[in-house]
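These are the structures in question, set out in turn.
Below are two complexes that have subunit A in common, paired first with subunit B and then with subunit C.
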Partner chain A sequence: MTRAPAGGRAPPAGLALPGTSPEGFMSETAPAPASSTAPPATVPSRRATGARFALFWGAPPALWQAAFFLVPLGFLVAMTFWSVKNFRLTPDSTLANWVFILNASFFRNAYVYTFWLSVFTALIASVAAFPAAYTLAYKVSPAARRFMIFMLVVPFFTSYPVRIYSTQIFFSPQGIINSALAPLGLGPLHVLNTPTGTVVGYLVLTLPLVVLLQTFALANVPRTLIEAAHNLGCGRFRTIATVIIPSARIGLIVAGTFAFVLAFGDYVAPTYLGGSKPPTLSILIADQVKSGNNWPRASVVAVMMIVTLMVVMLVMIGLAYGRRKGRA
Partner chain B sequence: MATPMIELDRVAKHYGGQAAVADVSFTIDKGEFIALMGPSGCGKTTTLRMIAGLDQPSSGEIRLWGRRLNEDAPWERDAPLVWQSYALFPFLSVRKNVEFGLKQRRLPAPERRKKAEEWMERLGIAGFAERGIDQLSGGQRQRVALARALALEPEMLLLDEPLSALDPHLRVRMQSELVRLHRELGITFICVTHSHSEAFAMADRVVIMNEGRIQQIGAPREIHRRAANRFVAEFVGGNNLFTGTARVEANGAIALESPVGTVHAPAPSEGGPASGTTATLVVPADRIELASAGTGTGNEVTARVVTVEFVGTTVTVFLETEGGGELRAQRSLHEIENTPLAVGQPVVARWSPSQGFFLPG
Partner chain C sequence: MSMAALRRLLLLAYTALVFAFIFAPIVSTIVFSFNADRFPSLPWGGFSLQWYEAIFADATIQRGLTNSLVVAGATCIIATFLGFSAAYVDYRYRFLGKSVYLALAALPPTVPVVILGVALLTFEGRVGLSGTLQGIIVGHVVLSTPFAMALVRMRLADLDPDIERAAWNLGASPWATMFGVIVPFCLPAILAALFLTAAVSFDEFMIAWFVSGVNETLPVRVLAMLQGQVSPRINAIGAIVFGVSITLIVLAQLLLGRLSGRAARRKG
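For the complex of A and B:
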């Protein structure tokens, strides 16, 4: 995180490849790339070893990503220009799918709805998780923290649809919550098949992760900075706003962004808790495929989602790592 | 006597079963420069943190102008601290760091700005006002940390190892600058350090701690010339400690049969060693002269040169006597220019009996 001021900061882990050892770094300043010069004997051999080492360990994941992510992604983009004739997929180079989807009001509505519901989820999750993360990071013993972190991972032991089904039971008209409320003269609560239901599902998915990420972010804030704030007259709550949140900014933004990304692409919660009313983009994709086998139109929606996620990620990374205006 | 500014009354701090500070009592007057000194783990930093309110005493009382301070939260106290690591806010500019404390006190923006400007000017960092902390050198950060604390115009300033992160030549400069600031501001400085040279160079009074307890409190000169016990005599450095059997002589002086031979010293005004008891004589190394030949007066020990160490223009000569006793002498380079000091060379180490003193008990 942003802990270390300049000076003795180690290079980021991602850069610590063999070739960037101090010696390797020095030879990097040579005017020409290694391939076009004949430097002294020992240096290139060490660099070559380093390159082979990097290739050996780096190639398998790179190949994996190429085979199962880049190729399908290229295929997905290509398919947006295909057409469907008599329910059969036909290679083509038409813009008709793009024109249709981008002009369709059902797409626009679903896009706006999904986007804002995901933003809302990210905000709710971030705000709801913060007190828990704050407690875990600062207020409990290390043993209790380890236990709680373990407990936050436990939800991921069961598959997500199973968790959503059990949530469905909680909120169903004769479910646990409504049976508990009825004797009190309250309810019934209508959560299932509403946007609220979708948000509840999104939170089931994202909240444990957001708490975890925020806990790590807060735990990395140097204690002395918090003490310095106290020492300079800043009470507990003001310290959160003036020192803790700015210090943990990157981690907190990453946590919120994760919540957004997970919610934006989720299919399970809006289907089983939101009742597809109104549909989100992931439901639109399924609908396009199910009704009419229209893979190209589904692909357009998918590509739009990927582009949106990329833009959001870039904006959030810029927000996380960018210099703040207030500083200059 | 008037109420002292700060009183620590039987203060202790336990972590689990461990006592970081066992039982500490002392007072600090307004405007004093106090150094808390000791080896690491001696409780000096914990003591400072308790004054700042960052740690709570397990028992005992800390008072400010006679008022119990124990329960006051750190943000309710007026005791800004300068951290060893500076603890500057990396997400704020130099100016905003200096303004931070003033902002917490709800000072209106124009006044805040003016005060911050004044202090940045005073500490020579006005030129970096808009920079980020990561763009500053260690010495500049130190000044920002000082400005941030002093901008509050507190009645005391706490310093935790303020010089140890600086390189040696900057350390000496900063040291004299701290002394100058202390003189000009007239406020109380409480400084934690493990370095006796730092403590003795800056402080009016030094509190020497070990294992959570105070070993001695006194002015630097007093501690150098009258160490209260063996720990202090060894910790402040530059002392020779000769342990042996005492014998009270006819004139009241005391002779000590020590590994370096029989040496003499005046009896302390009270509680001197009796004949036949074991006693320890302290002779500061800078009081020992070296010569090629003896004169037959005072204490004289003939020994061979073991090592010669140069630090600047100060020379420390380590010697060993025929009987295996060790001693060292600290001289200025010019004082020994004409004394041959090759390793293995015999020389006469001599000092006047009045330069030595016996440890109590």
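For the complex of A and C:
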């Protein structure tokens, strides 16, 4: 997930193709779609081959993502205006689902709860990750850093429900944590089936990614900048606050935003660690679809989530790249 | 000096704590999958393979594993082809609407899987794909293509565009250049993409949960088991699933590591 948006943003960097050919060669062929400029002679058939070639590679990804990503999302939006008559989905153009959901207190409560819990998670994850990212970026050898970065990638591709199950066991009344606390006269900790449990689960999900992104952000801060601050008598914490954090701002904000996005859409942590009490938006969706069978209402919740995420991402991008850009 | 050493020690200790938090669930799953006791708790109940025997005797788990392998296999081939194509198009062409094209290819992982799941379920219900393995594959390809694209694109960034042009000037057709130059050059990234997309698909549970119907994949089975009682069998499944995913990731990483090492040497 982390790499995908980077891939999307790759084109400007990709087109520049750092340190490759001299300008003359670049401008000669690169801008034109392949065959029209590259090989001379037998122009028409060459051009036809080139067009077929371009279409063969260019069309499938676009077609696939349009058919199975764009169309379903569009379908989801359309469905918010449908109605359920006699337990059957009927195409319609009613606003009833929107009115119902937006006025329902269960939706409003879940929305506010999910939003703020995700904001809270993003803040906690960002703060908790920072010293670790700082250590990885500045205090260990490059080989150790590479190994630990690899380690942080691993959880991202390993079964998240199983990790949540494990966490559940840790915090259960007879679990490891409480049986370790009991002899000390502490506990028992009541984490399961509370919002705290949900946040713990969110951290299981987001912390590796946040540490990873923060490490990249900090490692990209020019060393000379930090050394200059030290040489000018700037203390450690002041260097972090006035030099490192402002220079790494974009990466730090991106890391926090990803934590928010992941937590906001997560279903597993609030269900199995939070006990669905209170439900989050993803739990509402799953319930409406799996048991309630009211797909149009679930679609309204889903569209509200997408809109929220888009607004949050736009605000965060503005925050990352806006205003003090000149100074950074 | 000793102050600095102490500070460094504290930072390292804190980092170890963060890593412990991240890896404790993974390690404990593996450790307790061999525990004889029913409830995973600290006094270790002795070594046992009974939970592994239990899951290999369970037909629903076996079917889940088979389904997961089929879905992951098909997904990784399609997603890697699509990801390679999109990366190549990005590398090679400039055209109107290219940023839209790339956004379309790259965006799916930023949409919460719960929403992708609902969207695919409602859509696939209309076209008769819901409840089938093909329906799951379709969704997993959407989700994992961007990962493949990112890997191949990173590799292509190291390929001098003049090489392709030189091949054309020597009379090679675009197709010959593709399979004689581009694909061989990208091969490690293509293999890494195959492993990575397989891992994404193998662990994906939300889209699969919405779309699968009765054709459960392994993670969907796990999700269903989580709703029931504490069962050490989940640890055994978890250990196997971790084993498969980590193997795939390590393979991908090794391929990419060899790549970046070579690229660094070439530049240096």
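Methods note: the second predicted complex is superposed on the first by the 261 of 328 C-alpha atoms of A that agree within 3 Å, B and C clash if a C-alpha of one lies under 4 Å from a C-alpha of the other, contacts with A are read in each partner's own complex, and residues count from 1 in each chain.
The definition used in the following text is that a residue touches a chain if its C-beta (ideal position, glycine included) is under 8 Å from a C-beta of that chain, and two chains touch if they have at least 3 such contacts.
Only a predicted model underlies this, so the values are computations on that prediction, with no experimental measurement involved.
In the superposed pair of complexes, A:A62 makes contact with subunit C only, with no contact to subunit B. In the superposed model, A:R238 lies in contact with subunit B only, and not with subunit C.
Shared-chain residue A:A51: touches no atom of subunit B or subunit C. In the superposed model, A:P246 makes contact with subunit B only, not with subunit C. When the shared chain is aligned, subunit B comes close enough to touch A:A228, but subunit C does not.
A simple residue count on subunit A separates subunit B from subunit C, and the partner touching more is C. Contact with subunit C, but none with subunit B, is seen for A:L309 once the two complexes are overlaid on the shared chain.
Contacts of A:T158 after superposition on the shared chain: subunit C is touched, whereas subunit B is not. Of the two partner chains placed by the overlay, only subunit C lies in contact with A:F150; subunit B stays clear of it.
In the superposition on chain A, subunit A positions 5-7 are in contact with subunit B in one complex as well as with subunit C in the other. Within the complex, the subunit C residues that touch subunit A are 7-8, 11-12, 14-15, 18-19, 21-26, 28-29, 32, 39-42, 78, 81-83, 85-95, 98-99, 101-116, 118-124, 126, 138-139, 141-142, 145-147, 149-151, 153, 156-157, 160-162, 165, 168-169, 171, 173-175, 178, 196, 199-200, 203, 205-206, 210, 219, 222-223, 226, 230, 234-235, 237-238, 241-242, 245-246, 248-249, 253. Against subunit B, in their complex, subunit A makes its touches with residues 2, 5-7, 222, 224-225, 227-235, 238, 242-243, 246-247, 249, 323-324, 326-328. Within the complex formed with subunit C, the subunit A residues making contact are 1, 3-8, 10-11, 13-15, 17-18, 20-21, 25-26, 29-31, 33-35, 38-39, 49-50, 53-54, 57-58, 60-62, 64-66, 68-73, 75-76, 79, 128-129, 131-132, 134-136, 139-140, 148, 150-155, 157-167, 169-170, 172, 174-176, 179-180, 203-204, 207-208, 211, 236, 261, 264-268, 272, 282, 285-286, 289, 295, 298-299, 302, 305-306, 309, 313. Remark: subunit B residues 52-54, 73-75, 79-81, 83, 85, 87-93, 96, 100-101, 104-105, 130, 132-135, 138, 141, 148-149, 152 touch subunit A in the complex.
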